[in-house]
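Residue numbering begins at 1 within each chain, and the chains themselves are lettered A, B, C, D, E and F in the order written.
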Amino acid sequence: MRILVVNVNTTDSMTRAIAAQARAVAAVETEIIGLTPRFGAESCEGNFESYLAALAVMDAVQHYPHPFDAVVQAGYGEHGREGLQELLDVPVVDITEAAASTAMFLGHKYSVITSLDRAVPLIEDRLRLAGLLQRCASIRASGLGVLELEEHPERAIDAIAAQAVLAVEQDKAEVIILGCGGMSGLRERVSQRTGVPIVDGVAAAVTIAESLVRLGLTTSKVRTYAPPRPKQVSGWPTFFTDHAGK
Amino acid sequence: MRILVVNVNTTDSMTRAIAAQARAVAAVETEIIGLTPRFGAESCEGNFESYLAALAVMDAVQHYPHPFDAVVQAGYGEHGREGLQELLDVPVVDITEAAASTAMFLGHKYSVITSLDRAVPLIEDRLRLAGLLQRCASIRASGLGVLELEEHPERAIDAIAAQAVLAVEQDKAEVIILGCGGMSGLRERVSQRTGVPIVDGVAAAVTIAESLVRLGLTTSKVRTYAPPRPKQVSGWPTFFTDHAGK
Amino acid sequence: MRILVVNVNTTDSMTRAIAAQARAVAAVETEIIGLTPRFGAESCEGNFESYLAALAVMDAVQHYPHPFDAVVQAGYGEHGREGLQELLDVPVVDITEAAASTAMFLGHKYSVITSLDRAVPLIEDRLRLAGLLQRCASIRASGLGVLELEEHPERAIDAIAAQAVLAVEQDKAEVIILGCGGMSGLRERVSQRTGVPIVDGVAAAVTIAESLVRLGLTTSKVRTYAPPRPKQVSGWPTFFTDHAGK
Amino acid sequence: MRILVVNVNTTDSMTRAIAAQARAVAAVETEIIGLTPRFGAESCEGNFESYLAALAVMDAVQHYPHPFDAVVQAGYGEHGREGLQELLDVPVVDITEAAASTAMFLGHKYSVITSLDRAVPLIEDRLRLAGLLQRCASIRASGLGVLELEEHPERAIDAIAAQAVLAVEQDKAEVIILGCGGMSGLRERVSQRTGVPIVDGVAAAVTIAESLVRLGLTTSKVRTYAPPRPKQVSGWPTFFTDHAGK
Amino acid sequence: MRILVVNVNTTDSMTRAIAAQARAVAAVETEIIGLTPRFGAESCEGNFESYLAALAVMDAVQHYPHPFDAVVQAGYGEHGREGLQELLDVPVVDITEAAASTAMFLGHKYSVITSLDRAVPLIEDRLRLAGLLQRCASIRASGLGVLELEEHPERAIDAIAAQAVLAVEQDKAEVIILGCGGMSGLRERVSQRTGVPIVDGVAAAVTIAESLVRLGLTTSKVRTYAPPRPKQVSGWPTFFTDHAGK
Amino acid sequence: MRILVVNVNTTDSMTRAIAAQARAVAAVETEIIGLTPRFGAESCEGNFESYLAALAVMDAVQHYPHPFDAVVQAGYGEHGREGLQELLDVPVVDITEAAASTAMFLGHKYSVITSLDRAVPLIEDRLRLAGLLQRCASIRASGLGVLELEEHPERAIDAIAAQAVLAVEQDKAEVIILGCGGMSGLRERVSQRTGVPIVDGVAAAVTIAESLVRLGLTTSKVRTYAPPRPKQVSGWPTFFTDHAGK
């Protein structure tokens, strides 16, 4: 089974970290392919960048030249999953939803710890649309940007663990979600500090994608995620194909 | 006052129709500029096309060379408004929200009549995020595609009015929203058939945009819609600038 | 166009202040008529007074001797708007809903700063019924009564700004609504202290009323707001007509 | 124990019917006093009449010359209960809420059968505010006006039973509420036709009022229902006292 | 009228205290029978114990040898009420729902003060299912276990009153519910400390049960609470009959 | 990895069918152990039987003599999962939640097709508590009892497929959940008739349980699912151990 794990930003080192995290939990027979978008921002921390990422992820998947069995969109709180579901016949799993869905099997309420305060409403919006907000105790910001989280793991752990402890004690969370692709890998350290299960979205999404494939299930095509109707589209995919990248 | 009214698809005749509808309600001192995206689909009827439109609208607005006072995003149920709000200092009004917001001043419940069944969940999602779903009695599809609505106004009126009547009688709607940019202009005819107020999103959005400008109000910049952080972005805007359009 | 802006209490100076605020944003061709109820309380700070105001506003509008195009009910969180909608064919705009509806175009979440703590549940109830509560971050009380707000503008600004800052920082509001008719006019000063858009309900309502008139839209009469059925009513309007006032 | 059961309209025969229904379930030591408002409509079937009733009920209770232990507001879906709670120290029970609260002890979902279609949104609004809407399967109209229900009991039973059967079979209601003061007394006959428990609001409210008195519980005065602040009120109660009635 | 008041744990002294509390509010003609389960935990403070109690209460009621008119399940936040409703033709009232339902007649929002923090989510779950959560301001834990509450009434009063004051001041509760069977009897003392109405679930439930009987209302049998279908059941009731209890 | 798949009724043939379904999707290295409760009903179709099953499942798991890595509770819409989570350190997955959680990755809305109409409210309750109801389009009953579904697979397929088609066409479901343990195995046949993905709860739960084990995640023990406090429990487990099951 081959799963594409697609980063939402253009930072290669993050793609590598995400793919490593995915491989660490994937079944031995699963091949993990990490993809970096050909355009977009070096980190996604807002709506403009997130919409750009939505298209960039679709572009990256469309241009992957080999067959694959499932796609994981590895940006926490980002746009675009619905578009991918229209374009593809294989299952698409967004890490925002995968993490929440997984956390809900582990405790009565969960909290998300993300990067910056400005990302909080985006995550709230994604969870609301996904119908997964009811059991969300809180979404808290560590105060560190996406790239800072990657560059300074010790500061990241301190900042995340501090917010996680507040989520457990004040907001009554029983499970913590690491709400940023760049946090993959900090799970164990944060878990030691908080005493509650810590869910990483990439890891959760990979196992869900594997399960869907194993169960022979994929996106329903009867309505919302039916393939785009045949029509004239300018700038896509030809446009990106011809001009993007290099 | 200058308001950009941005179509979400690449069909020029629709842009003209939308702009005409906008001008019909705008104050005499308001200049309406209709913009057609440089890339995207000829009509938006799904998530992929909608995400493409999100970016195309941002691109169109970014490349408009003159100052302006507000932007109306003239696609019903489409993505992207949040991104525009980050990029701009002037108010941004989405017609989906403008229409619902307006309808709620006119009756206890409203219904939306849109193009195809597959657009219904997208509209539901937008209204849910906007916090405007509680008083929505139903979202019904006319069964005609966006371009069919434009090309066959008589059939469009029949199909829309038929669903509107059902919405009023069965779903208990008291106000009907024309849930597609391509329906602008059918308002009077549908109103005669149903006996309830008919809200057109473009018209509603233009008056709201004018009002916000007049009130000296614009998008809050403290959190969700703060300008994007300075960072390296590839493919935007340079990429689109250099290669798109021709 | 003539718009009646109806105060909910019997304090003339407040009617004048509200009308001035309305005129400051109205189009030049709009005539603003401020009306003071013939009976009721000198300020509305609870349910009894609010129900009295509901009737007093209907009475005031019914006895206005000239034609008019729209009505603004200028009490924040008060009862009665639904009754006016039944009695009139022209649009009726309540400032509670106008402010919330406007704020939602400007930020992800809004907060309301009102007069006394006891008014908070009334406002919450109005917003819940209006279907506008989802994006309300909080409703906070300044601790000053309605008349105190009017008499001591400096203390009012301090008290309101203090709560507004808490709303932005703690409750994550991105827009602030001045939740009391008596606060009209403090907008600019409070805005300077908080850095977020400040919405005044009277100003918002006037532009919405103008827009509805311009769009040719008025209250749906098919169900909730159909005219009262012909029946014997004692004490209204004859009763009020004959005995009230002086 | 003395309980005031206050009709919301000015039709004496309805007051008598309501009081009889109340007496039929009251404890032997409970004295039921039926009150008819001194002003208002002969039946309440809309918002204007309901707001008038709100004040008329407060007026009627304020002018009752003897002590009493509780008040039942006997109009289904009407305004005003919150105002009475401010004015009084004894418990106030609205029949809309009493019926729903009682029905929820008897089945998983309940439906309300009311008079006219136009009353449905008012009832929905009351139940939403009361926080009792979640388990409401539907609110259905019998199509008969309030006075028709009183004058033509056989037709009323047929019309109500027909809707009740639909509520049970289609909407999955397990309990039916008679959603109109004028329906008191039809309970047994409708029950035979439907096979589910039928709740009458007046009967339910009387037992709840008795219980609250017996438990020594009354309205909380710390916030929402604190007594009106001392202030100048014109037209109330002097105004009504001096001029109303006869 | 005979009402069974069933404790959820095996501690006889608590059964006696609960029954005394019930008798204190019951009508003179009502006979209160306190039942202690034949198996289960000495106190219920979690889901396992609560599920055990669910069955133990059904067992206790099934083995009560005399006729009865209603059942009160006297455990706050416990499972099982739905099962009893299936097995019995008489009304069943759970104290969790009885207390919330009663509190909602007394103030705009209520809070629950329970025993341990771990009981909070169970209570939240019961109120959510019952459709009574909307007006719940908070559920707070006193920090004392069920048996501690019984053994140390002074400490209990202090701990409960402290949380009740916070609920009123910070969470804006206007009514307090004593959320634990073991708190029956502390009502008056806590009330003095807080100035708001205090609702005890057992007392509330007894008056509701009496009212339902008096109104001739009992559980609807058309769907959710229809009697169990005839089928082979092992271990119940024979099993418990033969082997339980000693 | 060893996963206990616990039937909720005492019918051995159903346990075998469920275990077979589990094995069909389990990883090769996963050992599936099917457990049949030692007491309870031959099928669960109501609250009494469901509460009995809750305890019977806990009993069955507690008496399983070997180590295991996860538990699947294989009854659709049944009580008890929370109790198991308290008693165990390994993950517990309920098929009701597993199926909904899985369906939500495949389409915008899902419907559940269950056995009898009376089971619908139980399932609705479980999904509401789980926070998974928002995207549920409907819960429909096939009209066949649990054992009938098992005994007459052809009739079962017809009845289920008929309701599934209605769910897709009328309720706008895009995914169908087989809402009864006894339906495991009909997935492929029903899928052919409807054209949408069909989710079987047992299969979904097994893959989720495997994933949680692989991710090193288990139930949070900080609050809701902390182990029961040390206390005297009569009748459990000693009681069941000594006397139950022959």
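We adopt the following convention: a contact is a pair of C-beta atoms (placed from the backbone, for glycine too) under 8 Å apart; a residue touches a chain by one contact, two chains touch by 3 or more.
Going by UniProt, the chains are A, B, C, D, E, F = Hydantoin racemase.
Computed from a predicted model, the values in this text were never measured in an experiment.
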item	value
Distance in touch steps, counted as few as possible, from subunit B out to subunit E	2
Chain pair equivalent in interface to A-F, over half of contacts matched, among D-E, C-E or C-D	D-E
Of B-C and C-E, whichever chain pair has more C-beta contact pairs	B-C
Turning angle required so that subunit B lies on subunit F, C-alpha fit (0 to 180°, nearest 5)	120
Proportion of interface numbers common to subunit C and subunit D (over half same, under half different)	same
Rounded Å distance between subunit C and subunit F, as computed from the means of their C-alpha atoms	53
Gap in Å, rounded to a whole number, between the CA centres of subunit F and subunit D	44
Gap in Å, rounded to a whole number, between the CA centres of subunit B and subunit A	29
Sites on subunit D at which at least two other chains make contact	108, 120-121, 172, 223-225
Residues on subunit C engaged by subunit E in the complex (per definition of touch)	120-121
Footprint of subunit A on subunit F - complex, ascending	25, 27, 91, 93, 97, 101-102, 104-108, 130-135, 168, 172, 174-175, 195-197, 199, 203-204, 207-208, 210-212, 214-215, 217-220, 222-225
In the complex with subunit C, residue positions of subunit E that touch it	108-109, 172
Footprint of subunit C on subunit D - complex, ascending	10, 38-43, 45-52, 54-56, 58, 79-80, 82-83, 85-87, 117-118, 120-122, 125, 128-129, 145, 223-226, 228-229, 231-236, 239, 243-244
